[in-house]
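Structure in structure tokens, see below.
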Amino acid sequence: MSATTLPDAPVATASAPHVTPASAMPDVLPQVAPRGRVLTFIRRHPTIFAGGLLLSLVVFVAVAAPLLGTADPTALAPAKRTREPSALYWFGTDMLGRDIYSRVLYGARVSLIVGFAVALLASVIGMVIGLVSGFVRWADSVIMRVMDGLMSIPPILLAIALMALTRGSVGNVVTAITIAEIPRVSRLVRGVVLSLREQPYVEAAVASGTRVPMIIWRHIVPNTLAPITVQATYICASAMITEAILSFIGAGTPPIIPSWGNIMAEGRALWQVKPYIVFFPAVFLSLTVLAVNLLGDGLRDALDPRMAKRL
Amino acid sequence: MLGYLARRMLATIPVMAIVALFVFSLLYIAPGDPAAIIAGDQATPADVERIRAGLGLDRPFLIRFGEWVWHVLNGDLGVSIFTNLPVTRMIQQRLEPTMSLMVLTLILSIAIAVPMGVLAAWNQGTWIDRVIMVLAVFGFSVPVFVVGYILAYVFALELDWFPVQGYTPLARGFGPWLNNLVLPSVALGGVYIALIARITRATMLEVLGQDYVRTAKAKGVGSRTILFLHALKNAAVPIVTVIGIGVALLIGGAVVTESVFAIPGLGRLVVDAILRRDYPVIQGVVLLFSFVYVLVNLGVDLLYTVFDPRIRY
Amino acid sequence: MKRRELLATGTAAAVGSLAMPRLSAAQGARVLRFVPQANLSSLDAIAGTQYVVRNASLLVWDTLFGVDSNLVPKLQMAEAYEASEDYKTWTIRLRPGLKFHDNEPVLSRDVIASLNRWMVRDTMGQRIKASLDAMEALDDRTVRIRLNKPFPKMLFALGKSNAPVAEIMPERIAKTDPFQLIKEFVGSGPMVFKRDEWVPGSAAVFEKFAGYDPRPEVADWLSGGKRVMFDRIEWLILPDDATKAAALQNGEIDWWENPVPDLVPLLKRNRNVNVDIADPLGNIGSFRINHLHPPFNDPRVRRAVMMALSQEDYMRAVVGDDALWKPLPSYFTPGTPSYSEAGGELLTGPRRYDEAKKLLAEAGYKGEPIVLCVATDVQITKAQGDVTADLLQKIGMKVDYQALDWGTVGARRAKKEPPSQGGWHIFHTWHAGADCINPAPYTAFDAGGDKAWFGWPKSDAVQAGIAAWYDAPDAAAEKAAVADLNKTAMEFVTYIPTGFFLGYQAWRKNVSGVIKAPFPVFWGVQKT
């Protein structure tokens, strides 16, 4: 199930043969491909291509921000506050006279860092917890009860409460959102582990006295990579939105750091009179999240059509 | 069945206990001080210290936690530090708006999303399918407050069809109640519609792809409608699951939506309470949210048996 | 007909008799819908000093005396008073027939209990308490206060609008520990607080008190006849400024206490909305410094910041609109009788960044991080914090910007530990101009070290100046004392004023009688 399934794209059906994710990996990460192969890739995975392209663009903008005609995104000029977009200030200026174009471009860094860091951390930690839970029987029930408990608290509330605990910084935002996302990953991994444990080849490995870490490394980890990669893209997208919401409520990154959420939070009172303050970061945020979601959809289709059912 | 229900109910107890402990200790170590807020900006440091002691906030963690748990078990969530009102009463006041918002959003989302998903599945691969699916990804990607402001601007300020803010209790009539809730529900529903539309389309495709349906289709048995109703019934299990998962999403979104549209609901209550460190209120509401979440998911599991007779507990 | 109205009428017809009788009243001219500056979470203006709490309490409770718009205390609950020539004995007689909302009469013992509770918390009250020999009931309506030192400012103390306000409560409520919030809201003021309709964070409702007997004089701030023309006053707490603006434009609310200046042009364009200055006494922005720890324990460092600080930057960031602010080379409220700019030269003229850097080096500042605590959930403090971060960097200081919420800043600023161990160097706030007219209600001005406000400035010279003001027998002597004080405090840099700014208020055109005051004045307001 993808956003833009072409007529000839494989359709996920119950009768479709089980594709082991590992075998699908080469499709997603092609070797340096000649032109024809690139075109084939685009045709077969249009969503990965569209999402990837859009995301690369945002990454480029974030990295190259200093070269794209920006000014210091934190430089105040209260005398030039709330200017409309113009040749001088492409996206206008905010309530403290800072250049919104520069802030939006630099803001891409914050959103990307938060999105990627949360995706990575939540995946790694969630994976470890899921593996422990799946293999250490006595710990399983305790860990899963804790995860159930964490999961039953709405993620945004959990993040707000965690932010109240610490002071606003990008690192703390990442930590707060990560903690809220871990349960989902660990449940996913645990599910995979439990199903794989019953597989004959794993049981054979256990019977032949292979040590557990070896089994995990050889048989379990490779099989969890595909679902986790897909899950990670969704976590990335949701982390970016959560960061924006936290900043919007005033519990996010410190206001002197230009993040899209912060720019919108500052402009929110003025959306009737100065809509551009909210508009530009909103468009950038939406497009970036869209890119990540498209990538996630595409990866899921490519890596494991069966997963399409589970969402 | 009853045994299963009992076991599931029992299993929620440790979960709730963990939530309680977690939330309590989290707020205990949080650096904010409600006494400083009560005292106001003019108060001297010594005054603040006296107020702290008066609130009993200077006593040890375990004693306070023990007391709180004992009271909760007795159905008493304590008294707000700021308003001196019982937390249960403050929750009661806020329950109706939030429940109204969530129920209406749920109904609205299902009413819009399921036909969308079905339509997309039936027209799989055509432009209709693609437009619907692109819309769905957009639903995921645009933050709820942005949608809220756009809706408020267009439909409340420019067109003047709906009020900008507020909530009218159902007791004052269905019309006014609905009138206040339409915009917030649509704003909040965006993500939810996207989620349900996607899962509906996916499961419909799966069911439609199954041999017996294909055969039926090929033979021209039954009208399209009957075929679809049949397929939809089989697709109900995953759809219901997603609705269960989405309740947490909905609660999170309600926090923001209630702020944008000034709805006096639980989401705003808890955010205000967190910012002011009104510990009893935060603990009470979070406990309630977790309880609702656990309960809804229990309900979802039970619904499985209704939609899919093969599942037995 | 607009669709919204259509829907409303349609329902009214449909539900008909089901609709509560209050509904029709709620839509009439007898109900005022008011949006206050902040969430009302309590009504105790003695235990807490938040402005919003004080404003609400003024509806519910009454005072013995009340200041008018010239800050002169007038008789209010008091029918008459008598002061001995040496200002040591004060006798106050209550008006006959005063009643609390539970219809019990207001008696001398209620007054004594209320003043006893108030005295503990109020700075002027504490001075009274320190020299109090006795406070006794001569009969049910007469109270005598006997002091062992002269206290000429008694009437102002009992009638001032600055929190804590000397409000008269029933004895049983007034016996509450002054550091704990009262649990019952019964007063003798013009409005009854509807506790059963109170939804904290959303709505607070006041209903007209039938037993209230307004004084015959014309109302003026806290003095005169407080005639409320509404059956109900509803305080609606809307969480979002954009929503408030939209609601006022649509007529869903009648009066907004503090519209964001940037939205005012929009409101002014609306034919149905009036906009005006809210409080002529305005506000003073504050750059609060911790005097206990290096580098700010050195007056040279405090002066270095002061000579580089541009009030223009702060004020533009805080209010934007140039009509709303002015530079303030003073600690006191401009336009008030004692105002003085003596010694404020360091804050005027071109900013001296190089000189500031030199002074910092001289004082031995070596780049240790400056802990700046900013309440990012309050626009005025956040805007100031952002400007300060920029300013400190300009003069070569390293900034550790701590983004916190107001609740956390409130807790953090009370810590005396070194900034590197959880303490702080700088935080921002603002003071209502009404609190800065003279040293009496001006907690933030005190420089008594440990006993002073957060930052714990310690200057014997400033303290001596304050004592001199209290002893000043007349207005001219008071003015001289204030000029002296301003000079001393500027030299010492108790804190740095970041400018003087006004706020707007906005209301629907069908509401009349809204006046300028340091608090919303509901008596005399009408709606058609």
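So that you can tell them apart, the chains are marked A, B and C in the order they are listed, and the count of residues begins at 1 in each.
Just so we're on the same page, a contact is a pair of C-beta atoms (placed from the backbone, for glycine too) under 8 Å apart; a residue touches a chain by one contact, two chains touch by 3 or more.
Bear in mind the structure is a predicted one, so any value in this text is a computation, not a measurement.
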Higher-contact pair (C-beta pairs counted), B-C versus A-C | B-C
Name the chain whose C-alpha centroid is farthest from the C-alpha centroid of chain C.
-> A
What is the distance, in whole Å, between the centres of chain A and chain B, each centre taken as the mean of its C-alpha atoms?
-> 22
Inter-chain centre distance, chain B versus chain C - centres from mean C-alpha coordinates, in Å | 39
Could you state the distance in Å from the CA-based centre of chain A to that of chain C?
-> 46
Junction residues of chain A, two or more chains touched | 164, 250-251, 268, 271-272
Chain B touches at least 2 other chains through residues 31-32, 149, 157, 259, 275, 277
Contacts with two or more other chains, residues of chain C listed in rising order = 240, 242, 246, 377, 405, 408
Sites on chain B touched by chain C in the complex = 31-34, 36-51, 53-55, 80, 82-85, 90, 93-94, 149, 152, 156-157, 159-166, 171-176, 178-179, 258-262, 264, 268-269, 272, 275-277
In the complex formed with chain A, which residues of chain B make contact?
-> 14-16, 18-19, 22-23, 26-27, 29-32, 124-125, 129-130, 133-134, 136-138, 140-146, 149, 153, 157, 195, 198-199, 201-203, 205-206, 209-211, 238, 242, 248-249, 251-253, 255-256, 259, 270-271, 274-275, 277, 282, 286, 289-291, 293-294
Tell me, which parts of chain C touch chain A in their complex?
-> 240-242, 245-246, 260, 262-263, 265-266, 312-317, 320, 374, 376-377, 379, 382-383, 385-387, 389-390, 401-405, 408
Hey, which residues of chain A end up touching chain B in the complex?
-> 1-7, 11-15, 145-146, 148-157, 160-162, 164-165, 237, 241, 244-245, 248-251, 264, 268, 271-272, 278, 282, 285-287, 289-290, 293-294, 297, 308-311
Where on chain C does chain B make contact in their complex?
-> 2-4, 7-8, 10-12, 14-15, 18-20, 23, 39, 41-42, 47-51, 53, 121, 163, 177, 179-181, 183, 198-203, 236, 238-240, 242-243, 246-247, 249-250, 252, 377, 405-408, 410-414, 429, 431, 435, 443-444, 451-454
